[in-house]
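What follows is a group of structures, each given as structure tokens.
Look at the two complexes coming up: chain A is in both, with chain B in one and chain C in the other.
Entry: the complex of A and B
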């Protein structure tokens, strides 16, 4: 899976969690998880499990709060997938 | 465990709705709710390091929400520690960190205080949701000029492909399976080679972990992946064989009425692919077009431009969740939303 596909898949996960299409529309690598996407501490639960299940990886070596942007999350997934 | 809107008592587990989830705490008094959450000076932080067992008053805990109080079942009451011990356990942890959203969150904390066991039903519920989230993904791809026919990606399938004498068909089959394998990995995180594949008497391939369907036509392939039975069929939109006589042979009376006024070739291909997709989903023994009534089957047809126009039909559950991807020669998938629903 290349980076473009990872971002696309993150968008698909967000489609389940973000109801506002205008927020989804601006979801790119630079989108800030809290300021742009409105991710809350409890919302992280949903996202972390979604990433684990949809990418088949374990996020057991990182705190999701350390990620600032969608690109940071993609960096981590890319590394986990062994790219 | 049930939840009630009532006055809490010393040692109760309490919770407040926070968006889609709940935040939990141990109630000692209106001035003291012990919780595993962001400390007051880092309320908006998402960093695990800023989350510790701390106390707040009831207003600080609720932040405008409603307080819900746990009501234990009989078996839970038998397992639960006495209220004084629950509060003592909670107080003893004040200042402790080590927050982990999946393994050590606010719900794990209150259950450990009350029952001595770290458990989070929210984590279990969300995981079950994502493990069962409806998937109906179709990968379409233009057949490359040259394909190595020995790269189907699944040993059992490769063995049969190797027996195919027609080299063109051999390449089509191998490429379709490569597209399928890449799609399975992308949509469901599955490694196709590690699954157990079987071929039914009717020629349909099934695996122990997913449902798939494949179609190849002159110039392109389609592979559908889902957790539920699925069928897919793909054909070029313009085919000289699409004549009125063919419509008469494949359509039911209701279908003939429904396509009146539509472009004949498109209407025939829509009907044909919808019937094939429906048949493939059900896995019947013999395809008889007139026996498949597309007006009563769960099937969706689209017109999509690849190297030329194709009609793609998909039959399955959750058709509203249909996602279509175009797979390139490197087997990377790109979402397509620019198709026309028929």
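Entry: the complex of A and C
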């Protein structure tokens, strides 16, 4: 899975947590998880569970709070997938 | 009134117990070999849990703890928590349940305010606490010679539970054995199959919904309780444990629904039949969508001060907007639209807080601060809140003043206001421009935003704001210069 595909899948996940379509449309690698996406604590939990399910990885070695942007999340997933 | 919603034989088994010990003895006698609790690391039958609690009672006795003494419990969700809680209350002592996210100084202050004689503490949390607190770490050393449980009078105190406060400070609600057992019994009403179920716990055991409706109702009914220690693992654990009942806040119920849609399968498993949903407003949408999946979602309404549930809605499909029928034995009345309560489930007041007690009661009635109405059939509807406390759909109670105080520490912040918007916290800030500009930063607003983000990152997850607005005007204020919260 290449980086573009990872970002696309993250967008699919975000569709269920980010309510405002305009935010979703401009979601890219630089989007700030707190300031731009406005994720609540349950929204973050959703994303972690969905990432584990979608990419078949375990995020036991990281706290989601350590990620600042969508790109940071993609970096982590790439690393986990052995890229 | 609830009889028609339950199988008659099952209904006959929902009886009064005068104290937790009496209920527990019956459960051990009736369901001794049933699985009682498991948390992924440990699992115990009712008989095994009873034996473990007896040893902890022995250790409490060695520490000089007796009937009516107050013992703090500072631990995360798990079998260890349940063993310690059960040991304290069946020893006739009072368990003060301290949320594990509290910092050491808060625990210190609360210990003084509640008059705690001892703190039972999970090993991993001990480092947070000041050395002068009387602490016993919950490990093998916390077990002594098995000591018998004792039965106390129904009016004797059982637990102290944390709750959000109207004045910006958290309070401790004192619940008697009668209140805890009445609240537990109420939790058994309105559901067809309630005994010997498989419960799944994700709520904090220091929250009344987790303690009473989840743990206590499970133990009352001879059910098994799986304690999920990390919510991100909940669906993996559900697939293995195959629960039949889930007690949950609306936000998590909605999350499970969305995940089921995203991954095109029922994430709660085929055995799940009942969701008890409360601690925040339940969207009728959830009732209807879960019904399509063959799961009954029952909305309810309750408070910490009422030992959890005041009402439950067995007619969920016809009246999904309602929080249901009041459980029997209570008195409810509306005063200027506000719901007032009396009943055997009500607390005995806030511990060490005469000011809050004075404000909370009138003529012996507890004033909930919630606006409500009844329909022609006696079903209750909650229409709003008088109090300022923000309750998010995940059930978290946020005191805005507490969060604002953290940002107001910055000298670049003149004043701030926290409120909820679309179920997330928003912070609005009026900068102290003179200070900010004097700093000579190239982009003062960006600098302030980064400062605010830094403070935000230090807050506990449930108090973190999702949106920050830097205002170019002051807030609307009262003549005494207080911010008018409803007129931003």
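Note that in this section the second predicted complex is superposed on the first by the 83 of 83 C-alpha atoms of A that agree within 3 Å, B and C clash if a C-alpha of one lies under 4 Å from a C-alpha of the other, contacts with A are read in each partner's own complex, and residues count from 1 in each chain.
Keep in mind that, in the parts below, contacts are C-beta pairs under 8 Å (C-beta built on N, C-alpha and C of every residue); 3 or more make two chains touch, one makes a residue touch a chain.
All of these numbers come straight from a predicted model, not from anything done at the bench.
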{"item": "Partner chain in contact with A:65 - chain B first, chain C second, else both or neither", "value": "both"}
{"item": "First, second, both or neither for A:53, with chain B first and chain C second", "value": "both"}
{"item": "Touch count on chain A, higher of chain B and chain C", "value": "B"}
{"item": "Which of chain B and chain C A:34 touches, first, second, both or neither", "value": "both"}
{"item": "Contacts of A:45 with chain B and chain C, given as first, second, both or neither", "value": "both"}
{"item": "Contacts of A:1 with chain B and chain C, given as first, second, both or neither", "value": "first"}
{"item": "Which of chain B and chain C A:9 touches, first, second, both or neither", "value": "first"}
{"item": "Chain C-contacting residues of chain A that also contact chain B", "value": "12, 16-17, 34, 39-42, 44-46, 48-50, 52-54, 59, 65"}
{"item": "Chain A-facing residues of chain B, complex", "value": "18-23, 37-38, 44-51, 101-102, 105, 122-123, 126-127, 130-131, 133, 185-186, 189, 323, 332-335"}
{"item": "Complex contacts: residues of chain A adjacent to chain B", "value": "1-2, 4-5, 8-9, 12, 16-17, 33-34, 39-46, 48-50, 52-56, 59-60, 63-66"}
{"item": "For the chain A and chain C complex, residues of the former touching the latter", "value": "12-13, 16-17, 19, 34-35, 38-42, 44-46, 48-50, 52-54, 59, 65"}
{"item": "Contact set on chain C toward chain A in their complex", "value": "231-232, 234-235, 251-252, 254-255, 258-259, 261-263, 392-394, 396, 422-424, 449, 453, 456-457, 461-462, 464, 466-468"}
